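So that you can tell them apart, the chains are marked A, B and C in the order they are listed, and the count of residues begins at 1 in each.
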Amino acid sequence: MKKKLYLKKISLLTACVMTLSILSGCGANPAPTENAAPANEAEAPADNSSEDAASSEVPASPEAVTITAWHDNDEAMMNALADEVNQALAGENITLKFEKKSDVTGQIRLYGTDAANGPDMYLFAHDSLGGFAEMGILEPVANLIDPQKEADLLPMTLEAATYKDVQYLMPVYYETLLFMYNKALWEGDIPSTTDELYDYMAAHTDANAGIYALVNQHSTSYNVAPFINGFGGYIIDKDANPGLDTQEMKDAVVYNSKFAALQADGDYNTVTTLFNEGKAAAIIGGPWLVSGIRDAGIDLGIKSLSDFTLPNGKAMAPYSGVQCIGVLKYAAESKKDAITRVLEVLAEPSVGIVLAQNFNCAPANSKAYEDPQVAENEMILAMEKTAQTAVPMPNIPEMGVMWGPAEGLLAAVNKSGEDVNDAASKYQQEALTAIADMQ
Amino acid sequence: MKSTGKKKLYLLFLNLFFICVCLLALVPVLYVFLLSLSSGGGALITGASGSLTLENYRKIIVEKPFLQWLFNSIVLSVGTMLLAMITSIGASYAFSRFRFRGKNAAMQLLLLLNAFPQILSMFAIFRLFRLMNLLDSHAGLIFIYAGSMCIFGIWNMKGYFDSIPIEIEEAAKIDGSGNLQLILRIIMPLARPAIIVTAVMVLIFVWNEYLFATTFMLREESYTLAGGLYQLQANDYSRSWPLFSAAAILVSVPILVIFFCIQKHMVSGLTAGGVKG
Amino acid sequence: MKKHSTKIYAWLYCLPAFTLIGVIVLFPILYTGYISLTNMNLYHWQDYTFVGADNYIRALVKVDSGFLSALATTLLWTAVNMILDVAIAYLLAVGLNVEGLRARRIYKTLLVFPWAMPAYVSILVWRVGMFNTEFGLLNRFLTALGFDKMDFLSRNVPAFLSCMTLNLWMSLPYMIVMIDGGLQSIDRSMYESAILDGANPWQKNWYITIPSLKKIMAPIIIMTTFTMFKQFDILYLLTMQKGAVSGSTLQTIITYAHQNAFVSNNYGLSSAVSMVIFVFIIVFSLWTNRAARTERSEQ
């Protein structure tokens, strides 16, 4: 009897929840309108600061527009960026709102033609440009903004934002890898050649005790690029020919593997923890590491990778990654003016200064470097210097399939001890197949 | 007397054995738990971690729309559970009790359909839902989850239904019960363990699913717990390990509570009914 | 007359389930079949056209030695995991059902914990917290015992065993709960009469428990076999995620397909590869089905 009662209660309860769920299910579904803007506006107050909420609840003019942008970045940084833009556009009823997505490129591929659900723009590194451009889902930024407004942007960043002679993206800031060291742990001066660096590592590493001189994500192609580019190798060239089995590449991979043997496991979590815990005296990394390093209370020293000379006499040359805003075609059609305004603000130095001051990002706008605080920022100066020898990541669509084979080659040599010639030809073949499969 | 002493010793050993097994199985969980209490912003437990703190839990609950996500997870899992169970109990009963042409073939076909990796279906479902305007809606996700668990439910319960002797039903049929009444009055109570286990399985599946939840849900307010956690913490470069661990523990606990509470109802309804092996 | 009506009833009961399955499971398969006949890729994202069987010709080229070794790995993976999964779960479930074990509810709940965590959390925690060379508990344990550090994921055999351990950790709870449920359904009186006949525990297991479980467990074991067969997350996230490629070259057919077709974003081609794999799975299941049937008829 008791059990039956219990079952009845359960079924009653579940029925209630079900009803609720259906109701809320419908509620969560935006009204089937052509334009998603009204739905977005209605939600904006919940997330924005009270000041914004007040203004958007009672729109001063009927044309209030919310621009949604997807990203996969540090949330605090993106919010600071949005605040800066929104402040500049406060009088124009335009609100920029960032939403974090774990797989931005995958999501853009799905939603890039879906005006009802997709975002208006996204922020991502420039290497994904070619693929999206070929898909035909991007509106070239050049169509939206007067070139005059972009006059101050660094030529390198504009080049990265350009694919097949069309400027598709709006550069915001750029990153390069740096040599970052713990001033309390590093003994003596920082070497100026990689051979000396290696000698220092050999003398100061005790893997069994978990003590390292320098750690790096030694099997990640982005982190090995300083060697590859410095040796004159390339992962893929301008004409989409993979270069995994070139002699320069093999030399770089072998040279890097010497370092890798003294660099623990190359996993991101491992190397950052080693550095933050004071188990590694130096790390090759970027500005994204800084907040963790600060929390750990480390006195951080920085040196540009272009200050290290490789055995061939050339400087190390990392990739530069330019974080850019891309605009989706449907958004450019329905919200052209608002988007143009957002892009114009993004092209101004003020945005770069905010990102530089608080998050050590190197602004794309050259005028931002005139700000005294930016001009003194050691990290940004180092990146600025590195940028002169850095190689912008290729942005052709074929680059998308190169990360896998390149990383496979590095892991095979560094971790599985495979012969470099065998591995190089194997992964070159894999890369060629992957490129052929794209067509 | 001697045999009870022996039995006690035996039980003691068994208890020790299970304590060891549980500890061993829970090592990774304990790892996560310790990490969730660590105060540093660091990544991994290195042995030299500082004081313990509940700060990470507070952050998750207060700074993220945790309650909203919890609510979404409950709505989705209960909704899916009901839809999946109603559909699969019906079908399972039919497969177990009726003889009709193509029955075995249909069972086999379902199994084969289920073998198609779900991740490959995503694009097609995306296209379909876009047409049906079911993207970014909980109802849409409930359909996806129920559909993908339905075959599982049918297969999971059919074996159990088969083991319920048909004589019991025939007796009830003579009393004039219809098929639907048979299911409600006889099959459901007798097959309670199988039904509850299947329902819990569906619940856990939905609770922990993140790929569809993050791909099809677009606004932070509509995420589920697992989806929200994935969305914010899947990326190595922006993950805070202590927060991530605290969230992982918070996601898991409701499942454990449910499981603990439901256990006594998983005791067979069959033993009372007297079943022949 | 009566027979006719049961037939209608049968289909009526199945109708809701079949509708749902039709939309969520069958439709995507058919749609994948449709896309596999087109040239949908980055360069023809919205203007794709029919290209006939082109993609299938290219997909079949991928059925090379790499694919066959991936297939062999998959079969080995499925077999080893299934055997261990069922055997260990059976032992634990029988242990949990020993009369007088008061704390069984607590044990069961604790053992279910791995299942209560989202899969990506478990995998990430194992990768970083267990297998990691610097901070992984396994390596700390090894170094504490005086052994050298070991990279569990960089070579194929240790990587296979590591993935298997994690897979078992994640899938045992389900199997324990299912077998436990099955054990509950066995008529106690059968044991009582067996004890009267002087049967020892081993004989009770062999002659009563296992045969009684077979019928209930068969569908569950078949289902789990398929789950093991198409397991993707563990191997992928442990050994080949971008930024954390471990160096092992272990591939199952699903990861093989992923690496050889999906990264290219050529939807037409990858759909064709999916369909080819699907055919392989069908053949595999028909084969296991036949094996199961012959076993049944031998009994």
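Keep in mind that, in the parts below, a contact is a pair of C-beta atoms (placed from the backbone, for glycine too) under 8 Å apart; a residue touches a chain by one contact, two chains touch by 3 or more.
Being a predicted model, the structure only gives us computed values, none of them experimental.
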**Message:** I want to compare two interfaces, A-C and B-C. Which one has more contacting C-beta pairs?
**Reply:** B-C
**Item:** Chain whose average C-alpha position is farthest from subunit B's own
**Value:** A
**Request:** List the centre-to-centre spacing of subunit A and subunit C in whole Å, with centres computed as mean CA coordinates.
**Result:** 35
**Prompt:** So, what's the distance in Å between the C-alpha centres of subunit C and subunit B?
**Reply:** 16
**Message:** Give me the residue numbers in subunit C that touch at least two other chains, ranges are fine.
**Reply:** 128, 132, 135, 243-244
**Asked** subunit B: which residues touch two or more other chains?
**Response** 43-44, 46, 123, 230, 234, 236
**Residue numbers of subunit A (touch at least two other chains)** = 268-270, 273
**Request:** Spell out the part of subunit C that touches subunit A in their complex, as residue ranges.
**Result:** 41-43, 45-46, 58, 127-128, 132-135, 143, 148-149, 151, 154-155, 242-249, 259-261, 263-266, 269
**Message:** With touch defined as at the start, can you tell me which subunit A residues reach subunit C in the complex?
**Reply:** 109, 113, 131, 134-137, 207-208, 210, 217, 219-220, 264-265, 267-270, 273-274, 397, 400-401, 403-404, 407-408, 410-412, 414-416, 433-435, 437-439
**Message:** Using the touch definition from the top, list the residues of subunit B that touch subunit C in their complex.
**Reply:** 7, 11, 14-15, 17-18, 21-22, 25-29, 31-32, 35, 43-46, 83, 86-88, 90-91, 93-95, 98-101, 103, 106, 108, 110-117, 119-125, 127-128, 143-144, 146-148, 150-152, 154-156, 158-160, 162-163, 179, 193-194, 197, 201, 204, 207-210, 226, 229-230, 234, 236, 244, 248, 251-253, 255-256, 259-260, 263-264, 266-268, 270-271, 274-277
**Complete:** In the complex, subunit A touches subunit B at residues 7, 14, 17-18, 20-22, 24-26, 28-30, 32, 43, 46-47, 72-75, 99-103, 106-107, 110-111, 114, 116-117, 268-270, 272-273, 276-277, 279, 288, 291-292, 295-296
**Asked** Inside the complex, what are the residues of subunit B that reach subunit A?
**Response** 40-44, 46, 48, 74-76, 78-79, 81-82, 123, 126, 130, 133-140, 142, 189, 214-215, 218-222, 230-232, 234-238, 241
